[in-house]
Amino acid sequence: MKILEVNDVVKIFKTKGGNVRALNGVSLDIDEGKTVGVVGESGSGKTTLGRLIVGLINPDTGSISFEQRSIGSKVNIRHPDIRGKIQLVFQEPSESLDPRIKVGDSICEPLRGLGIEKSSWNSKLKIVSEKVSLAEEQLSMYPSQLSAGQQQRAGIARALITDPKLIVLDEPTSALDPTARAEILSMLQDVQKEFGVSYIYISHDLSTVRYLTDETAVMYLGEIVEFGETSKIFSRPSHPYSTGLLSSILLPDPEIVMDESLELSGEIPSPINLPKGCFLESRCPISTKECSSHHPDLITSDDRLVRCFEVEKMKDIVQPSSKFEDFDKSFDDFMTKRYSSSVQAGNN
Amino acid sequence: MKVLYLYCKDRPLIGFGYFFVFFLIFLAVFADLIAPWPPQTANPDDYLQAPSWRHLFGTDETGMDIFSRCIYSIRLDLSIAFLGTAVSAIVGTAIGAFVGYYEARGRLKTVFSSFTMRALDVIQSFPVFVFAIALVAIFGQGLYSIIAAIAFVNMPIYVRLMRTQALSIRQMRYVEAAYLSGLSDVSLIIKHIVPNSMGPILSHLSVNVGWSVLLAAALSFAGAGVEAPTPEWGSMIAVGFKNIVTGQWWPSTFPGIVLGLTVFSFALIGASVEVLADPVRRRAAIAKY
Amino acid sequence: MALIRYIGRRLLFVLPQLFGIVAVSFFLLKMIPGDPALLMLGPLASQEAINEIRSVMGLDKSLIEQFVIYLERVLSGDLGTSWQTTKPVMEDLLKRFPATMELVTLSLLFALILGIPVGILASLLKKSIINKFSTYYGLLAGSLPDFWLGLIFIFVFYTILGWAAAPMGRLDLGILPPAVVSGSYFIDSLIAGDWETFNNVVAHLTLPVLTLGLINAGPIIKMTQSTMDRLLESDHIRYARSCGLGEFQIVRRAFRNSLPSVLTIVSVLYSFLIGGAVLVEIVFSWGGAGQYALSGVLNADINPVMGFVVWSAVLCLILYLIVDLLYFAIDPRLRD
């Protein structure tokens, strides 16, 4: 069942320099209990999309519906009917908790808005803090006394305490060191298994996207350029931009290299002054005349959606590769080891 | 407390500031025990006596003891200054928080914000002192008018300080999280914005108390504040004004020195609060310990 | 061309502000308890005069209509009559504002002459006494009541030493003021070439200028020092230094760049002093505009107060306009 449908949203920010076209018609669906990854460079609009979904900003046109119910400027996320069902976890753990309020109180803050009896707050707090492995004494500390990883756990606990149906994770691990990152990701997986919550995972860290998500949307300059099952996109990207992005991952094995003929070059066009044709045309190694005069639509190609005129050509160039599978395996191993060792450490 | 001690150890003048303010408060509380003469009783036999052991600071033209009057003035001047500053800080902070939080957020809220800021511009383009006197004239001469006038002319600073703070704090992720959890604007401002913006306000408070003492004294000197024979530094200086040309310097000089030292002490404290409220500068200031 | 557009944009902001000032002063006037007609005419007014002013001011009409009447009167330069001097307020103020402006301008010039070198030296000589001195001078100068300092100066320099002129106005009683050109005796006596008068004017100016100048030098020293500190640490000065530029050249450059902030603080002090010099005016019986307004407040003579408020607000706005033009001259970034 679809839990969230984003339908052709457009968002333009008015600035002194001109109108910044942050989102240019983005559509996205999420099934219950699934995880969708949103990847792209900074400036691709992925964070704007996340903030739009939770209702921190309103779309200019287009619609968003949550559980078949349209949300937006009138009925936004703060509306009593929806409140607490969509949650957000922020990129900056140090900024996401009020420095003058104890961690436990910050975690419980969303309960106030739900009108839940104060007497039951403690039991709820206990459940979520156990889930994110925060010790009881840490709940009565101030955020500055916690590490970045612990702060992020508290941020996740605050999101979980309202039993949300959907959590938007806006680069939740980018500010963390690798160990803390691995722990948080494993924890997110466990939580999903147990509560059946859906995630939108926004990140530029492709290796974690590969690990955590079921489907991936690749964004470029406020548009989705490729959308499909994560494993399929990673084994054989069909859009030149996806290919370029994937080639930028640091793989553990130096033997594994991307095809150099598909490297992107040049500058990203300004979002204030977007080109008429394909936004990638100036950087694309396989662009044609058509690319500079017409803007491609998102079309179905086999098992996915791609926004490119040269899909067929791409199929020839990019062969299905298993190079990520080796990588996946080593990454999985790393995660399991790290997490189980940290859990043991926690239990001792 | 320990930090404060370490900080003052190298800066005796700042230490003096703290000492003097506590000393003043002590004098004000125990004025009845310390002052050797009643503050408001004229004594025609002893008029315009030069400073002596009998009258430490001398007497004024009606024979009132200036030392005793200086001590009793502390009560009035500090109360006026504390109350005036407190009112302006509370009201100004509240307005500033809303102005900052509402700026560029929806049409009506933005109108509220920009209207308030323009109104401040207008108020601040009035000459401060004459404006204060005019306010006293409008409210009618009296203690509450003086306090209200002081509060009113000081308020714009707090509004501006708080607005700047609120503009940056509202961007913080925890404020967004609180917003998403359905907190109303008012409780969000009270719970998150105001407590996290207090730094610059606190360091301004102390300086502001000093200014308020100065303003209260100036109002009285001009004849729009406390009136003689109520003991008040500004009005005492005004009373001694005509004696100074004929050579009796003490009725004006002593109240002026006490007034100056008081304002100076609050300024010193303010300067130290500015450093101590900033964790980085605090650490640098006491680094060698 | 850019300059004209710049001024135009500034005026666009100034006009609503002027309107706001007139509006606020009008509603302040309305808030004063008691019969405004009586307040304007004074306690000795006859019933006919009161009735007349009522109909002139439209006191029987609505508040908005009254405001429009008031606005028209102010715009035509009619600020009412003072019952104390029995003259139109406009006339009184035209006579008194030059006295205030003369005092304030000379005091600030003195403060600048004192403050800028001290500020620069304090910034250059970090370990010196002058640095310590300037740090606390600002705090101390801001703490001293100017009216009290004026009294002390009178006592020391007039009563004891007899060096200064009597603190009784701008001229000795026997000396006639110079022919009015600017209204400032200092300038007018120079224009007339009357050295006897000029000397007497300077003698009377010395103590009040000293009082206000010493006190207002504090913020100027502080501002000069802190901007110089910042600039001497800046990359372009470091670069100049590494290129082997002489110390004098470097200081000159840094100072040039610190001018805008010094200008800012001077404009703030100036606008403050237009009303804030009133107590020093009283101490020296200066007969300036502030003193006139104050006696208006204290004697329930309301027209002079309102006239003064409107005038000084307008002067402040003109001042800020001039300051903006000076920024424009100093700061090349504003020119495009």
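Letters are used for the chains, namely A, B and C, taken in the order the chains are written, and counting of residues starts over at 1 for each.
The rule is simple: a residue touches a chain if its C-beta (ideal position, glycine included) is under 8 Å from a C-beta of that chain, and two chains touch if they have at least 3 such contacts.
Keep in mind the model is a prediction, meaning the values are calculated, not measured.
Among the chains, the centre nearest to the mean of all shown protein C-alpha atoms is found for B. When the C-beta contacts at A-B and at B-C are tallied, the pair with the greater total is B-C.
Comparing the CA-atom centres of all chains against that of chain A, the greatest distance is found for C.
Separation between the centroids of chain A and chain C, computed from CA atoms only, is 60 Å.
Our note on geometry: chain A versus chain B, Cα centroid distance of 52 Å, whole angstroms. Mean C-alpha position of chain B lies 24 Å from that of chain C. Residues 54-56, 77-78, 80, 83-84, 87-88, 90-92, 95-101, 106, 109-110, 112-114, 155, 158, 162 of chain A touch chain B in their complex. Chain contact summary for the complex, chain C toward chain B: residues 16-17, 20-21, 24, 28, 31-33, 136, 139-140, 142-145, 147-149, 151-152, 154-155, 158-160, 167, 271-272, 274-276, 278-279, 282-283, 290, 293-294, 297-298, 300, 305, 308-309, 312-313, 316-317. Here chain B touches chain C in the complex through residues 13, 118-119, 121-123, 125-131, 133-134, 136-138, 140, 210, 214, 217-218, 221-224, 234, 237, 240-241, 244-247, 249, 252-253, 256, 259-261, 263-264, 267-268, 271, going by the rule given at the top. Within the complex formed with chain A, the chain B residues making contact are 172-174, 176-183, 191-192, 195-196.
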